[in-house]
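Accompanying notes for the structure given below.
Chain lettering (A, B and C) follows the sequence in which the chains are written, and residue indices restart at 1 in each chain.
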Amino acid sequence: MEKQIDYVKIERAEKIRERVLKTVTYAALSFWALVVLFPFYWMVLTSVKSYGSYNAEHIPRLFTLSPTLQNYVDAFTTVSLARYFTNTVIFTVVTTGVMLVVTVLAAYAFARLEFRGKNLLFTLFLSLMMIPNELVIITNYVTITDFDLRNSFAGLILPSVTSVFYIYLLKENFEQVPDQLYYAAKVDGTSDLKYLWKVMIPICRPTIITITILKAIECWNSYVWPRLITDDEAYFLVSNGIQEIRENGFGRENIPAMMAAVVVISVPLIVLFLIFRRMIMAGVSRGGTKG
Amino acid sequence: MKVVLQNLTKKFPGRDRKSRQEVVAVNHFSFEIPDGKLIGLLGPSGCGKSTTLNLLCGLLKPTEGRIFFGDDDVTELPPENRGVGMVFQNYALYPHLTVKQNILFPLQNLKGAQRPSKSEMLSRAQEAAKLVQIDELMERRPGELSGGQQQRVAIARALVKMPRILLMDEPLSNLDARLRLQTREEIRRIQRETGITTVFVTHDQDEAMSISDMIVVMDAGNIQQIGKPQEVYDDPVNLFVAKFLGTPPINVFRGRVQKNQLYIGQDAILDIQGVSDQEVTVGIRPEGFLLRKNGRLRCTLSGVEVMGRDISVVAAHPEGENSSVRAIISADSPVEVSGGEARFDVKPGKIFLFRRDTQERIYFQAE
Amino acid sequence: MEKRSMKSWLYLLPAILFLAVFMVYPLIDVFIYSTEEGYNFASQTYYGVGPYNYSYVLHDPYFLMALKNTFILVVITVPLSTILALLISTGLNSIRPLKELFQTVYFLPYVTNTLAVGLVFMILFKKTAYTDGFVNLILNWFGHSSIDFIDGPYWAKMFVLCLYTVWVVMPFKILILTSALASVNQEYYNAARVDGTSRFRIFMRITLPMISPTLVYLIITGFIGAFKAYSDAVALFGTDLNAAEMNTIVGYVYDMLYGNSGGYPSYASAAAIILFAIVLTITCINLLVSRKHVHYF
């Protein structure tokens, strides 16, 4: 009988431990979620506070009862936010598009075609993956300056196109397409280019979408290269724009308008993320790094 | 250690979100496993046998009912306090640890007074390894071992803490056919030597029949029959059990009982007593046929396969549930077939009748 | 056959062109730049060849400050973010309800513009004439006096920089670790539970070894990323990082190239090569150390 009581105790202790652990886990996870979300909340909150009321708050208020959209109007009218925005869209679309063409062609050559020196060349390609951007950016800066391409889209886009890693990622994926499909297509007299377009790309669509999204995120957030290569406001991207706004726009202290600009800049990617959530997260875990 | 299952039930919430229909994986199981026996839980996949095993080891909590180990009620106990050893289907050997470290692992979990000294742990690990004959492989990693050797390591790891009960989930399913024969003998030997009450799960009736002291035949969450393998085979309680046990499987016919005669098609094949006139399902074991020149069951002959010791006569009958009827006949007896017809008489002990509706067994006396 | 070979090269041509012009040539060129002494950007002339640029950079107080800042940042954020991500991922894998919601929320910083959100951090921490800012409000609740985190004492600024860096790198680490943890076969955990293994021991003896390759990958990429820190600092402290005492090595490279003190590609090259050498060394050490502790299956 004594043994029975002992068991009851063990059971109860186990149950309590389980419950405590669950509670602690949820509390900790919620805390981190708060840490992540709070800056977003603060940015939206500040962006709807009026200039006057924001500056009157010596102790910041955690909510506002009189939201205003005036800051958004200011953000678009006082500074060239719309232009930064357009520039970034152009930059992102063109860079990503050219990157896709270059990457798909190269990956296809490495995966499917036979030519002399293929393995050697691919090894060289792979070794380029280890080269940090910081090393080559110096000469690129000089090159672009020498070609008189500063403050131009060509200067912004050209050095940002290549991504050895994406060629590698796509080549691996292309290689998983069974050889028989290629031979069958050849027997039917399909050209290489048509085979690539009609068979390979549709089959490998998830990978292609993944690298497209990753590249687009990278472009949207790029800061260093655009900063080096543009000093004319007409060619600023959003990152440079926001830095410009911070240092010279609005007069220094119009923080609500600044936050409105920040919201406008952040929203496209967040919306993109919420739509393609699974795809983006799967893509990043396969081939993403930050920066 | 005696194990008692009382009214044990496990329901899972349904997968289908719309209907939310609960799935009853284990439906009111009650049975007793005697001390020191080897028990096979046998059934097709999805019958609830693995759920039962997980309930026994404590990885799952029952919805209803109780489990007793000896006199202790262990129903609500977490697995670590139950004193069970478990061999998982894929062995779950930690790939980064050597065989020795794997076997030592459960001992190192013990705390306080229960924790043996280091040298004692080592000698117990050595002992367990010797029992399953892997004491030569102690320094290897699981990745360097064959499937059979991994299986032994898993058994040694389960035995080293001297469990009250040993549980095995499909212990032979990952081995090739030859190793399977060898390993099942091995399991039998180890169980005999240690005398630990052992429960294993399998879908392979051959496996269960050959080594178990007792089998529990299950289907769709319900116990169909419990007993010694031979008894269950000779005396199935329903059509499912009759069909599930035996290779080649039992031959099933549509038949009827009329005026104490059992008919299959137009042929009255057996005189029986004690069964009222009705449509029945007839099961005849392959070894229950006698090939006779003027046997009463007339079938169309399809072929004869000689398998060494036995001869297998393959025939067809319009009332047969399957396309072919298979009869196993001793190679000594002469096979006389002519005109594409095979005629059989049946051994009364090898023929079972079942109700058409419930598929329950109908008992009869043969003349 | 020749024709087919030609065609292959045609497919590769764009990639080769881009890489040759914007990667291979610059890679060679940067080493040449780094040895050209007294290079003048305007006239593109130099006096001679030698190690002077390296010597200059290594004696430049701004570079030394950048080096110090970068090392502090690396030493604090890499272990901190990895351990924190490990804890969060473990927690995340142990729950069922709300798991996807948490995962989505945690990933958000990955898709935000570092510069933009950095501004938000700045106003949260900044103390101005009008307001002490939100963080100081919390400090005051706990009875602490206000600190200017953006223009104030060195360690206050370093604290914000580390915090923001961790905030930025967490999504990637949580994502990778969560999927690594989820891919550990449940049977191992069941086996360990049946054997009465404590949660802590399961974590140390089973979980950690099982995900060790992923951990090493994260630590190596974490080191590389942290050594290249730059835009986080710009976001918080503005473009003049030397004045803010918050410059990083990469920041130093860019400042040398362009900006207030710019126009010296030779110094920039030397600094970039020093950075590359440091990162390479650390990565090699990481790989050597991890070889002893990592289990590949």
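A few remarks follow.
The definition used in the following text is that a residue touches a chain if its C-beta (ideal position, glycine included) is under 8 Å from a C-beta of that chain, and two chains touch if they have at least 3 such contacts.
Quick caveat: nothing in here was measured; it's all calculated off a predicted structure.
Listed by label, the chains touching chain A and chain B alike are C. Taking A-C and B-C together, the chain pair joined by more C-beta contacts is A-C.
Between chain A and chain B the centroid-to-centroid distance comes to 56 Å (mean Cα coordinates, whole Å). One simple way to say how far apart two chains are is to compare their mean CA positions; for chain A and chain C this gives 16 Å. Remark: chain B and chain C have CA centroids separated by 58 Å (rounded to whole angstrom). Counting partner chains per residue, chain C has no residue touching two or more of them.
Residue numbers of chain B whose C-beta contacts span two or more other chains: 78, 81. Note for the complex: chain C touches chain A at residues 4-5, 7-9, 11-12, 14-16, 18-19, 21-27, 29-30, 33, 41, 87-88, 91-92, 94-95, 98, 102-117, 119-121, 123-124, 128, 130-134, 137, 167-172, 175-176, 179, 199, 221, 224-225, 228, 230-231, 234, 238-239, 250, 253-254, 257-258, 265, 268-269, 272-273, 275-276, 279. For chain B in complex with chain C, the touching residues are 57-59, 78-81, 84-86, 88-90, 92, 94-96, 105-106, 108-110, 143, 157, 161. Every residue of chain C that touches chain B in the complex is listed here, in rising order: 185, 187-188, 190-198, 201, 205-206, 209-210, 212, 295, 297. Of all the residues in chain A, the ones that touch chain C in their complex are 21-22, 25-26, 28-29, 32-33, 35-37, 39-40, 42-43, 46, 55, 57-60, 101-103, 105-106, 108-110, 113-116, 118, 121, 125, 128, 131-132, 134-143, 158-159, 161-162, 164, 167, 192, 217, 220-221, 223-224, 227-228, 238-239, 242-243, 246-247, 253, 255, 258-259, 261-262, 265-266, 269-270, 272-274, 277, 280-281, 284-285, 288-291.
Partner chain A is touched in their complex by these residues of chain B: 72-74, 76-78, 81.
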